[in-house]
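Across the two complexes that follow, chain A remains constant while its partner is chain B and subsequently chain C.
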Partner chain A sequence: MKVYPRLRAWLAERYDVGAVEQFVEHQAHKPLPPQTGFWHTFGSLSLYLFLNQVVTGILLMIYYRPTTNTAFESIRFIMTKAHFGWLIRGLHAWGATLMVLCVLIHMVRTFFMGAYKKPRELTWVLGVLIFGCTITFGFTGYLLPWNQLSYWATTVGTEITGAIPYVGEYMKLLLRGGEGVTGETLARFYVAHVVVLPWVLTGIIAVHLFLMRVQGLSTMERVGEEKPIDPQKAIPFFPHHVLKEGVIFCALIGVMVTLAVVWPAELGEKADPFVTPEGIKPEWYFLSTYQLLKYFPKLLGILVSMVPPVLLLIWPFIDRSPERHPKKRPVAVGIGIAGLVLAIVFGIVGHFSESHVTFNGKHYFIDIKGAPHLEQPAASPEKAP
Partner chain B sequence: MRITRFSVVWLTAAWLANSPAHAADANCVNCHIDRNAQFKDSVHAATGLTCIDCHGGDPKANDETAHATDNFHRPDSKQAIAQLCASCHSDVRKMNPFGLPTDQLDRYKTSKHGEALFGKNDQRVAGCTDCHGAHDILKVNSPQARTFAANIPATCGRCHSDENLMSRYKLPADVVAQYKTSYHAQLLFEKGDLSAPTCVTCHGNHGATPPGTAEVGQVCGKCHGRQRELFEKSPHAEASAAGAFNQCVSCHGNHAIQKASVDLFASACVQCHANDPGQLARRDELVSVIKTAKVAYAKADERLHDATVRGLATDDEQILLQEAKTDITQLEALQHLLQPGELKLPAEHAQQTVAMIMGDIDHLEHIESWKRRALWPIWTFLGVMAVIFWLKRRQLE
Partner chain C sequence: MNDDHKISRRTFLDWVLTGGLIAWAAAFLAPVVSYVWPSQKRGPAVQTVSAGKEADFHDWQSKIVAVSGHPVIVVRTPQGFRAFSAICTHLGCIVGWDATRRQIACPCHAGFFDLNGRVVGGPPPRPLTEHGVAVINGEVMVKSA
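After this line comes the complex of A and B, so read on.
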């Protein structure tokens, strides 16, 4: 006798297995709207990448030691001695970047297809919170290798919170656990990164997925005029959509492994609070905010940088027109495109600011605000007698 | 108000705290407010000394009659000050608890300062209080002390940068300015290395005297012992003994001494050997051996650093690099022998070690290249899987 029927029979004597099977069957073959395409796979990819972060994160935790004396050394051990440690760390580091990218693309798709509109406003809000959690994961995880870049980027990052009126100093103290970035900060970031945030994000994702499955995928029809999905044209979730996700999934695995091999996560130099390296930059997803802050006085800069996330969070309650098609929502789409372009431009300027670049054979110094200054070639030193 | 037993004890303790010695100070302070302001934070106040310990007088008097005692004295010359300080600082019993030497006055008398003061009654030369202060004397390891390592150049410079004063003794007034340009000063002021040489390290403190030609090597050798030892075996030692060569100073200079590099050979040797092709050829050979080893070491250091930052396993190579560094350090000392043959062994060992490091890094990078090659089968597998998924989907549609 085969194992599964025996197991099922054993369970059926005790539980309502039929109901569970019916639920799974219904969810697996749930019909999706006919226009469900490759752009719809980025949500699943984000979920996969989250699982990748959990698995590789657990493996890294086996050897990682979160103290100022051991953090850097344990990462070096992982990179150089632990079997495939370099690959696991690479998959974790690049997985973080790709997860931010996938969540962003998923949000952009949702925004331009008007999928955040009634009745899916809360799903959107939860999605924004997922994005917030994802980049907070990035911020807290960045410090953990305890190298020069991570130490000083965290110093700058936490310093910014100090400028928030009334509560800034307390927030900074809460984040750092003292005046400077020390072992206390490392412990706090570690706990946030491996205990608090994973559970918070798991909870939000669960509700996000539940709402998505209950309400189904959005179509391009006007709010209140949605028609039931035509069973003839519907795409079954399994196997049709899952096979489509499989194709993208293979590409994602390939890209992630390639990145981990060709551009492995660097070990860097151990954090030294007495030596400030040049060109401290945050991770790419903070670059636009980092650059934006430079154009305003500290307090005003923080207020201005708070506008995009707040706007994202409450957007479904601002844009309440029934139209979903981008061509029929010129203002919302225009704001969305402008926001994207600004984020990309500020990000690029932030990347090149405070650095020397060569363009068209000429050397330029890009100042803190992104303005290029032509550099004169240095005079050749006189020959020593 | 009820007087409790506790308040009686408290009042008694407060009265006892206001002991006779402190009362005497309090009386001095009535008139000498400014002196007390200087004295209260001094090392002498911290050890419990009071005004009368140095100046005598009547501790009970509350006016000028305090000065009208036989034991009252106000030192009126630098000799008297020195004797007053020595009354404690030459007393072994008094200094033992603090671990301080008791030969400062004896040493001072051997110094140029002491000779001028006690021999010629020259009151312009530095006495105890000129360097240590009078009422505000602090411990040597206190950063505010005039005698703190980082403050020594400024303390000496108060006199030795004074052109008028120095011209009386036909001494240059730019020595401190020169020192501030030196590598020693860079270590002291920029790197905060308090063990870096200051004026007193070479000239002495209480027994301050300029080292003569014969002693320069001994003075530098206090820190650069190995270099001195090798110099003694070099051809220059003979020239020094004959008075034709000022030991270390001839090549390295003195107050404005810079960090020595192999480039020093280019400017130093020609001072004496400009017309001696044989010696210049020997110089070039020395320079070539040292430079070759140093360039190889620098390349290995840079490449190893790059590999380490990238996260490659370089622990063993770091140890090898330290070995090579030891050879380079040996070369830097051995060059004082001025014998190119003596340099060959460490130079060759450094080159061999560097070659091993480079070989190991090549091996590590070879492994890295294999990781990249492994991407081909991975991509092939993933590509096949993607095509299967795609075709299956097409079939279903």
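After this line comes the complex of A and C, so read on.
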């Protein structure tokens, strides 16, 4: 007798296995709208990447030690001594970057296809919270190697919260666990990164997926005029869409391993609280905000930088027109494109600001606000030790 | 008492139960919040540390020393020693001595301070806090602010 029928019979004597099978069958063969394509796989890709972060994160925790005396050394051990440690850290570091990218692409797709509109407003809000959690993962994880870049990026990042009126100083104190960035900060960020955020994100993702499965994928039809999916044109979730996701998933694994091999995660120098290195920059997904903050006084900068996330969060309740097709939503699409272009431009300026670049054979110094200054070879700035 | 404003026994019990639940939740939360809140360790009110021998400094030379756990920049000028908190008032980076400009410079966002700690360029909103510095028996002594 085969194993599965025996196991099923054993379970069926104790549980309502038929109901579970019926549920799985229904979910597996749920028809998807005909326009469901590769762009619809970025949500699942984000989920795969989250699983990658959990698995590689657990492996990293085996050797990582979250104290100021051991954090940097333990990462160096992982990179140089532990078998395949460099690969696991590389997959974790690149996985984080790709996860932010996939969540962003998923949000952009949802925005331009009007999929956030009624009745899926809460699914969108949860998606924005998932994005917030993802970049908070990035922020807390960035400090953990306890190197110069991570230490000073965290110092600057947490210092900014101090400018929030009334509560800023308290928030900064709570985040850092004291006045400066110390071992207390490292412990707090570690706990947030490996315990609090994973569970919070798991919970939000569970509700997000539940709502998505209950309400189904959005079509391009006007709000309130959605027609039932034509079974002749529908795409079955299994095997058609699952296979499509499988293809993308394999490509993603290939890309991640290639990135980890060709551009391994760097470690740099150990954090020195008494020496700030030049050219400290946050991770790429904070670059646009980092640059934006330079154009305004601290408090105003915080208020301005809060506009995009707040706008994202409440957008379904502002844009209540029934149209979903991008061509019929010129204002929303225009605002979306403008937001994307601004984020990219500020990000690029943030990347090159306060650095020396060579363009067309000439040397320029890009100042704090991104303005280029032509440099003469003899006039290059020199600093005393 | 007007009957319209009378509180029914059920409403009263609702309030008591709701209040009890809030108090119960607060009793659990209060220790958690106070546990997470950083304990403020305070060192001695005034600490004086040596920045090194006077002879080891020449004019316009600087050094960063730890005073009560905080970085302090000490600069020797022809008129004597000056010492300031080395934490930039903008975003907390550690400042350094720019020998070319003869100013204290922040490497993060190009903030500059003069030898009185005043902001002379860039985004810092406040001057650097000055520390007392004196030469005692050939030793450069810096006081906590």
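Quick note on the criterion: the second predicted complex is superposed on the first by the 378 of 385 C-alpha atoms of A that agree within 3 Å, B and C clash if a C-alpha of one lies under 4 Å from a C-alpha of the other, contacts with A are read in each partner's own complex, and residues count from 1 in each chain.
By definition in this document, a contact is a pair of C-beta atoms (placed from the backbone, for glycine too) under 8 Å apart; a residue touches a chain by one contact, two chains touch by 3 or more.
Being a predicted model, the structure only gives us computed values, none of them experimental.
> Put chain B and chain C onto chain A via the superposition and say whether they clash or fit.
clash
> Tell me the contact category for A:159 with respect to chain B and chain C: first, second, both or neither.
A:159 contacts chain C only, not chain B.
> Pick one for A:268: touches chain B only (first), chain C only (second), both, or neither.
Once the two structures are laid over each other on A, A:268 reaches chain B alone.
> With both complexes overlaid on chain A, does A:243 touch chain B (first), chain C (second), both or neither?
A:243 contacts chain B only, not chain C.
> By the touch definition at the top of the document, which applies to A:86: first (chain B), second (chain C), both, or neither?
A:86 sits against chain B, while chain C stays out of touch.
> Looking at A:174, would you say it contacts chain B, chain C, both, or neither? Reply first, second, both or neither.
second
> Touching A:372 in the superposition: chain B (first), chain C (second), both, neither?
neither
> Just to be sure I read the superposition right, which of the two partners does A:254 touch: chain B = first, chain C = second, or both, or neither?
First partner only.
> Could you tell me which stretches of chain A are touched by chain B in one complex and by chain C in the other?
Comparing the two interfaces on chain A, one with chain B and one with chain C, the shared residues are 384.
> Going by the contact rule at the top, pick out the chain A residues touching chain C in the complex.
152, 155-156, 159-160, 173-174, 176-178, 180, 184, 273-280, 294, 297-298, 354, 367-368, 381-384
> Which residues of chain C touch chain A in their complex?
Residues 36-38, 40, 60-62, 64, 66, 71, 86, 91-100, 105-110, 122-123, 125.
> Under the touch definition given earlier, write down the residues of chain A that touch chain B in their complex.
Touch residues, chain A against chain B: 76, 79-81, 86, 239-240, 243-244, 246-247, 250-251, 253-254, 257-258, 261-262, 264-269, 384-385.
> In the complex of these two chains, what residues of chain B are touching chain A?
Chain B residues touching chain A: 263, 266-267, 308-315, 371-372, 374-375, 378-379, 382-383, 385-386, 389-390, 392-393, 396-397.
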